[in-house]
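Lettered A, B and C in written order, each chain numbered from 1.
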Amino acid sequence: MTRVRTSGLAAASVGLLLALTACGGGNEAEAGGSEEIRLWLAGSDTPQELRDYLVETFEAEHEGMSLVIEEQDWSGLVPRLQTALSSESQTPDVVEIGNTQSPTFTHAGAFSDISDLVDELGGDDLLEGFVEAGTVDGDVYAVPYYSGARAVFYRKDLFQQAGVEVPTTLAEFGDAAVALQQANPGGAANFSGFWLPGQDWYNGIAWLYSNGGSLAEQDGDAWVGALSSPESQEGLQQVQELFANATSAPRDADSAEPWVPFNNGEAAMFSAPTWARWSIDLPECNQGVDPDDESEAAQAALAEQQACNEERTGIFPLPGPTAGEPATVFAGGSNIAIPAMSGNQEAARDLLRIIFSEEYQTMLAENGLIPGNSEYADALGDDVYAQAALAAALDAQLTPPAEKWADVEAARILEDFFQEVASGADLAEASARADQLITDTLA
Amino acid sequence: MSAPRTSSAPVLPPAPPRAAAPPVHPDPPGERRPAPRRRSLRSRLGPYLLLLPALVPVAVGLGYPLVRQFVLSFQEYGLAQQFGRPAEWVGLRNYTTLLSDPYVWGVIGRSVLFCLVNAALTMAVGIAVAVLMTRVGRGARITLQVGLLLAWGTPVLATMTVWQWLFDSQYGVVNWLLAEPLGLTGMRQHSWIIEPASFYLVATVIVVWMSVPFVVFTVYAGLLQVPEECMEAAQLDGANAWQRLRHLSLPMVKPVLLVVALLQVIWDLRVFTQIYVLQRAGAPTRETHLLGTYIYSLAKEFSMAGAMATIMLVITFVLTVFYIRRMLKEEV
Amino acid sequence: MTAARPGAPAAARRRARGGGTGRRLLGLLAVLVALVWVFPIYWMVNSAFLPTNRMRTGEPSFLPFGGTFSNFRNVLTDSAFYDAFKVSLAVTGLTLVVAILFAFLGALAISRFRFRGRRSFILTILVVQMIPAEGLFISQYQMLDNWGLVNAVLGLTIVYVAAILPFTVWMLRGFVAGVPLELEEAAMMDGLSRTGAFFRITFPLLAPGLVASGVYGFLQAWNEYTLALVVMTDPDQRTLPLWLQGLVEANRATDWGLVMAGATLISVPVIVFFLFVQKRMSAGLVAGAVKG
């Protein structure tokens, strides 16, 4: 009796599972269809208006085809690309990818060769470092989508009270940061002249780059760590000086949310992408508007609040070693490429043509992003934020275009290294160790 | 429907308590002696049919990927191979590369230590709270259950962000509590995660906080299975609460305890999320890697990660072989 | 105080045991432990009510006075939240039903039957859990892709069931083994069939174990992120954890209040599920064989 009952139950459950498996098989067809092409955009940087433009333009040019834009989170982008790009049915037809992730996928053969398209897309006007990050053996697989660079935000009132002027050279910047830290005009506990947390290598490498140093150099076929070069060492020395005398930021923090201490009156300067302006919220300006309040009065109060914040806050590109030239800062941004598995290569190339059209590039610039084609960067506008961003970006530099650079970032070698620098480690020794790790990782 | 009649039922020996009954089949073990003729094919197939539904998804959804991971560990297989470059067989090279690196041995040592400390703490706290749960009224019990469940059931993304905030150097509540109400002003800007030792302390707090609810719920469920009559009989025999727990309840829930302890060891050895998030909060990465995060840092070299996973399997096996043998012995 | 009236249900007797003061002290201790465990969660909810400029300052805000409901309102008016909710509910529900049913049958097989390959099976499901799964997602993805099950509830369910089953079988086996067979035998002497004895006597005793495994399975499926990330790439097929991560990145500067409100709302079904099943947990004994 028992046996009959239980085995019947078991058989029924197997049946259930099989039935479930079977009914799922149906949606294969729609994924591989060629009537639809899919664009993966990373993060929320591309405004809705631009997405609408792409869809409308593409669909107008391609009768019967549709463009679907799917936004992917930055944090999950790499695992998704690792899987989806190798699947014929699931691969998107055009993808945006972070500029430091680009070499890894390019070398792996994930993208189609678009060398023949480069001239049409902008040729030599395309941001150089980004093209380099998408190039293997002279063939181009990925081109720049947009770039953004960091600029320095500062409190005008604190500068004034401490008697500090906006610096015009990198050396002056260091002096100003130290002077602010010592003056501590607001009397805040734990005050920083310049907010520079221990693991913030994104900002820290500006000193390295500006002194002519680099993170890694190509030596024949191999990449070797270059932190120990005299130029790099000079820059690192300046960074260590800043860590010691110009900042009270924790050593166990990174570049995330630097406006928090700034808003709390605990830092006179911080360096961040220019969109950080929308996160500045000084207590003396805050009007306590209820976020739910959509009345006109509330909107007016919010506008007043933003104006007040921007009046008290200044921005300048980090100055370089000689007056009048900006420092070489780290370039953020992304590339765009056509996955090799995509079955819609021609349509995908058409989409790239639309993205690199004058209209679209101008729209990118108007929205505060440095467009992949630098010819259209003028459309950024002439307010202080746009100007600071532009000045910083034109000289900005990427991480080395080594195949395995993403592994260096995954191993967080630079975070650890800058933390050691911040802790006052012997520079030569710490650099030699980090160089070894970089060389081994890139090998 | 008449209620099950059990008036004649459980007359269990009050003392000495025995270990939880190894399952005794009403039929004497069949496979040891020739199966009786009249057992039909169907009845012999019974257990296999019962197993089948569990076996199929595991074999397909887990077994195949695991075997593939194992095979890959003898190849050179990275991102490029996924896009069509042929995978090269490299024999044991991935294994020798890993095992000849003193750093890897350091990671293994730290992981084993971290795992044992955390598993022991989790079990101790978990059992204590589970026992506590059996001794309190309904209101207190549900409060405790809901509290634990919240800790267990809230998305890790949120709880880890909160823990990060709590231990933040600049704005952390922990530093604030130590400095303001408790007067330890030196702790106002204390960096909790910059030294490996205090990093692991923080990690232990978080891991134990996240793991205890599971232990409590499971052990509590096990304790509920202990028949009331045994407890009463023991009480009549003069056993006090501690003795009843030590000699009656705990031995009776031993199968459950063993399983839970074993799982804690397995899970704590490969702890990943908590360590990963804390590292990203600003800890020195290389000095704080445990096996889980170390494998992840190798993730683009699938073959290397696969080799490390196999090595971990061996370590886990060594750590738990004592339990496993005991458990299998009881299975006879 | 104590001895309960003869004939009272076991659970009632159990509750009555112990002295009044001692029990009250223990109750207090239990509430204290609950508070310690809940504090980080409280902090999350508190932050969900705070305006951004009070979230991280030198003086922590322990109470959300002057706070705002707007974060919760924003989440609750976000249609993406409901879409993700439906997907999560479907995946979790399907996973739970299938996994618990299959695991129960499997646990029964290995604890109540003797057969060739039984020990190997036990060892296998144990070892399977020892292997780190971080590197498995590639193979699992390719498998689902071949079956056309990427971006499908069913595909994610299959990998979740596979992931949860070994544990659940293993766990339930412990609980089945914990029910003394004498109980069943006694019931059979009373004239019940073996099946009847099992379902009348043993099954109710397993309720706490089923609930504990169910809670475990529910939480695993409800909160899983890594596999969902690669399997559900279509924004319309996002599960709640993916939606929450999306919230972190929705603006270039994360709106943490919104994220905390989202996380709070994700936890609500967990509590509802538990309160729904928790009676089973303590009721198991009362309803079961031991009841007089």
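Convention: a residue touches a chain if its C-beta (ideal position, glycine included) is under 8 Å from a C-beta of that chain, and two chains touch if they have at least 3 such contacts.
In this text the structure is predicted, and so the values were computed from the model without any measurement.
For subunit C, the chain whose average C-alpha position is most distant is A. Top-ranked chain pair, ordered by C-beta pairs in contact, is B-C.
Chain centres here are Cα averages; for subunit A and subunit C they lie 38 Å apart. Averaged Cα coordinates give subunit B a centre that lies 15 Å from the centre of subunit C. Among the residues of subunit B, those in touch with two or more other chains are 46, 50-51, 53, 57, 82, 168, 170-171, 299. The multi-chain contact residues of subunit A, meaning those touching 2 or more other chains, are 2, 6, 9-10, 13, 17, 82, 86, 189, 260, 266.
The multi-chain contact residues of subunit C, meaning those touching 2 or more other chains, are 56-58, 98, 101-102, 105, 108, 138, 158, 194, 245, 248. Residue ranges on subunit C touching subunit A, taken from their complex, read 51-53, 56-58, 68-70, 73, 94, 98, 101-102, 105, 108, 137-138, 141-142, 145, 147-152, 154-155, 157-158, 193-195, 198, 226, 229-230, 233-235, 242, 245-246, 248-254.
Residues 40, 42-43, 45-46, 49-53, 56-57, 78-80, 82-85, 168-171, 188-189, 191-194, 279-287, 297, 299-300 of subunit B are the ones touching subunit A in the complex. Residue ranges on subunit B touching subunit C, taken from their complex, read 3-10, 12, 20-26, 29-31, 44, 46-48, 50-51, 53-55, 57-58, 60-66, 68-69, 82, 129, 132-159, 161-163, 165-166, 168, 170-171, 173, 176, 209, 212-214, 217-218, 220-222, 224-225, 227-229, 231-232, 241, 252-253, 255-256, 258-259, 262-263, 266, 270, 272, 291-292, 295-296, 299, 302, 305-306, 308-310, 312-313, 316-317, 320, 324, 328, 331. The touching residues of subunit A, when paired with subunit C in their complex, are 1-2, 5-6, 9-10, 13, 16-17, 20-21, 23-28, 31, 43-45, 70-76, 79-80, 82-84, 86-87, 89-90, 189, 257, 259-260, 263-264, 266, 273, 275-276, 278-279, 281, 283, 286, 290-292. Of all residues in subunit A, only 2-4, 6-7, 9-11, 13-14, 17, 82, 85-86, 104-105, 107-110, 189-190, 197-199, 248-254, 260-261, 266, 340, 406-407, 410-413, 415-416, 419-420, 423, 437 touch subunit B in the complex they form.
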